[in-house]
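Each of the next two complexes has chain A plus one more chain, namely chain B in the first and chain C in the second.
Right after this comes the complex of A and B.
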């Protein structure tokens, strides 16, 4: 009997012990889950930060709510946000981080420190550069979801359909910390009351230096990703003849005969594609062969132009330096940075049109 | 040799060896070895594995000769007083390794999940759990090791998620570090495999103990494979400078895992890790209890309570990253000295002592 009683006592006391562990409970209804945050330098040392969170209404709709505060450290800002909010704001569901263009030009790595340090923020967060005022951009509601989720879906959808390269905070940091490769981020702006993903921002380390506009996303993608699919490209030739192709898959290969010297580097692109649109009458076998050649020439010319532009700015989003690093034991980052500016880079393109849709 | 009904099947040694090797070390070993070996760190994992495999081999050499546990071997070789002093050093080592594992795990919980957690209570609950396991005897600890490997094994499949973002060309160029850098990395890697020394205590509990070496080596091979997979994925997933910043690179790998029903995997991973940690603490603690029991001839339950009290005090008095790191460092140096200098030394001594005694016996007869 005494044994049973003592066992019971131990059992009861054990089951109450976890209550003393001082663990803060966070009930979903009692917190604000921020979905996006934006950073903007308004003065030399002051940041303006806007956070977005969804407010779930009783009629099952979602309202977009934003809070704005100014401070010099971004965690300090969170306290200031908290002073304006009826419920604690937590960062576990952050999906998008927005940086105003001028802020991005000054460098964003210091602003990323708190995100890296915080275990509650995942690696699937999207980083975006905003060309228009981020506060205005975030405070408008664009669909029947909050703006944070809207932006996240916008970018995710475009990555999946193959319009832009794969991007998230991990890829940014990976490329930032890697030698011989520079990061890129998508850029958005507000236009006629709608959000548009209009450019890809090119970074030199963590500073925004250049941007590539919409029409050239195709080249960025086939050059940056070693394997890519789903990209589409439109070519004009002759008199009013137009064709649009769709990439079933493309492969990129670096050919570096003598790494760390001034000898030519060749990038080989192999595209397997199908035709989506053709405006000039019947598409014969001869026409297809001709089209392949035209495409090869066109893609080669524009790719070389783009790479020249990268070299002039001294940035390397394609990761040519990174490829050189894997081929040599004499890797020296400083020496490479000098070499890169003047190294001749050639692009070989081969296009293979496999299908032409369901009509001839 | 122990009584038949107290013994375990030889194949269970597989789980005993593997479960005691994989612990908190897996969560953050990358940073240490990649500091010196960079993208060649995977070679250090293999080299370290081979070295520890040799340790298992000469541990069996010693044990097979005597068919007794370490405490008795010490008594035979050095006599009662000196032998017991050496035994006591080993007992301290086992206790210390229990302390290090549990404290490092609590730190992970503190940093990743509950920053304000009351360590006093958390440690107390752990103590009750450990008491329950260890007081049940060696067979219970073995069962715990078995489940500590089998149940959480699904976790290792989640390490394949980051492959989508991995750049495996980072592994190239192969071998661009000096022999010196590689040996430093190998030394650091060996720490990940420590813990196998408990075999010296549970050897008499194994049926057909001589045949169990095969299982011990296989268990060790599984550990090496897991470490190898994780390091290769990490080299691809992180860049070198990035990994230098990650204290728990393996846990950070989980930050990219996203499944339809769970947004983030770390929390599931860290809580499942308790099952992996438990045999890691219980086995050395059982070894320490058994050792003290043999030296002082007292009741094992009293010793266990005393050891748990020391463990508990250590839990609540060690605070902060620096101190935990320092403890880890001491403990690993201690372990390396014991496994790589003391054990070969005692194996050789035992060879000569036994040879001489046999000769004496032959002369007398």
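Right after this comes the complex of A and C.
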């Protein structure tokens, strides 16, 4: 009898359980899975939001469908989207969030708030700054795949192959909330009907302030990541001599002798590389040594230039401040911000060419 | 007790058993009620003999060849054992014993003038199936003998593999109507006395009218009779019984049942096929791991499908979205109904296949596999992804070597399914917790069912999830609490004797 009663109790408590947990059924084929959303300010207080979702056809093709709405709060927009849709739109499958360039310049942290609060959105969503009109960018379909997935694959592929640094909401928020480091986001634009990842946007806190173009991704990567691999770099020297090197792996180390003073900070870069292309005849051991030195000089020059540029804008995507903070007992952010603008930063580069490919 | 009071027939038997002193005259009167009971007189040398037997139970050839020609020389009933060329002869006056022997295929004969001494001669006619190939636990390599319906043959099969005097066979009679002989086999000096006593006591205390098979005994003596999980292994392989006896386990053989029982056992032993011991340990271990994977797969795959499609669309990898959504595009049913329909279809097919004769059964496979499967997808009732998952789950459940456990696994999938529909993956996790708690509470003849994982017994792990080489299994399982824990000397076993 006691047993039956306890079993009954269990069943009753389980049957009330869903009521407490606010579990709602969302059957996969009865919902509209948004895969990307874009935000852009069209007026001072009005946001225009475009969502993309795939429409899977029975013949295994995918149709890209977009909905656009305007409102002042981003969750309100969702209700307006709903008024245009035959199925409820859910945000759990969002892969990419786009911010129009002007919107990004105004700051995106308020727009991120709703995403952070939504438990169904993960932290591995990519954030992207769009230089062209995001609505147009999203409504075009690129291949048999919806644009959200396409963008997600585009960024994922480039992170994996090592062209750009790792980026997602988690990385962005981590850098946003930590002191002495600023976030970066990839930037895309539409060009001749194609999407191109053309720059890396540099942020001061949550505001876009500067951008680094395509050719210099290599420096951003080796400076930002303490261990980086798979990047490639092209160097020109002499007259028409060119070589493309492939970074097998690189290590970055900060050398901060006296933290929080004006003394020089040294960044040591150690690169192990291989040569992918060389346009000046036979590559001998002597020429390799020569090439190493040229590379060292070139990388050093461009890195220092880049860091100077960061310092001028007062931003710190490399995280030098963060490294200083780890060595300082009483960290004072304001004091560092002032110091950072004028602190001398030197870069030491050593390149080690391990292989030069196989030539028959 | 209630049964006995209600049934007049039972009462009569009860009375017969009580009246030990009732005369032979009364017994004869009772016996002649049956038409097949034959009674005749036969002139001996000095006296007239009276014969009596059940015609259906005795071998008439023995009667005519080995009994009738010899009794003519008889001077006294006491000479019977010396005159007849038959071993099993008893002289008694106990009418209960006479009756029991008659019913087991004996002939009785007595001097018509002296009713007090009756000779009982065994001349039973036995229809015994030939020892044949194991069908349920078939193995490609290894012995190919399976138990038959005769207890004596079965005991013979086991004893031939264990020619030691320590192999003890205790016989108990169970069932007021069926009078089934149940044998308990164990090796004295190895098997734990407590286990042996538990089994013997449980079997002798049984109150039941008929025992038709060993599975009846399993259901009656296992620790938790309401659990869907069997707590004793049943096997049709005499080599398996012989082998586990050596580990200190106890075997039960039932007359008329082609399956023996083994206990105490663990959950994990249900997934070890005896063929594992005939293969190299690496291969055997791999097969075992595959089987465990199959169990989890079989129980969890459809519930997870239902939970994910109903609640957790976020969990679906983006590359799988298109496949899942297009396969469910035109289906009007929610995932749970879709899943239940398919699962029930598989169960129907299995049940229909099991009930029909073999030749008709083959068509069931075609109807089920091709017609229902393909047609239901084309008709838009089920998605082809789920069809594959359900079919795989069914296939996985058939990998369980012990048939009874396979049935259990197919059953416990349904509560998982309902909970998955109810509260999603949380429901699956909750059901799994319930299952785990239930398994933890189970015991087999008083020994923990989830050993060697709970309680953790590292030594027993050598033969549970994986099967390590024989030389590593020098000790008997801790589970059995054996009197003699060492099987053989491990260092000697590992020593290479090559020169």
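Everything that follows uses one rule, which is that the second predicted complex is superposed on the first by the 336 of 360 C-alpha atoms of A that agree within 3 Å, B and C clash if a C-alpha of one lies under 4 Å from a C-alpha of the other, contacts with A are read in each partner's own complex, and residues count from 1 in each chain.
In the analysis below, contacts are C-beta pairs under 8 Å (C-beta built on N, C-alpha and C of every residue); 3 or more make two chains touch, one makes a residue touch a chain.
All of these numbers come straight from a predicted model, not from anything done at the bench.
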item	value
First (chain B), second (chain C), both or neither touched by A:11	neither
Partner chain(s) touched by A:122 [first = chain B, second = chain C, both, neither]	both
Partner chain in contact with A:327 - chain B first, chain C second, else both or neither	first
Which superposed partner A:23 touches (first chain B, second chain C, both, neither)	both
Partner chain in contact with A:60 - chain B first, chain C second, else both or neither	second
Touched partner set for A:174, first chain B, second chain C, both or neither	first
Partner chain in contact with A:93 - chain B first, chain C second, else both or neither	both
Those residues of chain A which chain B touches in one complex and chain C touches in the other	14, 17-18, 21, 23, 92-93, 122
Complex contacts: residues of chain B adjacent to chain A	111-114, 116-118, 121-122, 124-125, 128, 165, 167, 169-170, 172-173, 176, 237-242, 245, 252, 255-256, 258, 263-264, 266
Parts of chain C lying in touch with chain A, wherever the complex brings them together	308-311, 313-314, 316, 318, 321-322, 324-326, 328-331, 334-335, 419, 422-424, 426, 430
Contacting residues of chain A [partner chain C, same complex]	14, 17-18, 21, 23, 25-29, 31, 33, 35, 54, 56-58, 60, 62, 90, 92-93, 95, 120, 122, 149, 152
Complex contacts: residues of chain A adjacent to chain B	14, 17-18, 20-24, 92-93, 116, 119, 122-124, 166, 170-171, 173-175, 177-179, 322-323, 326-329
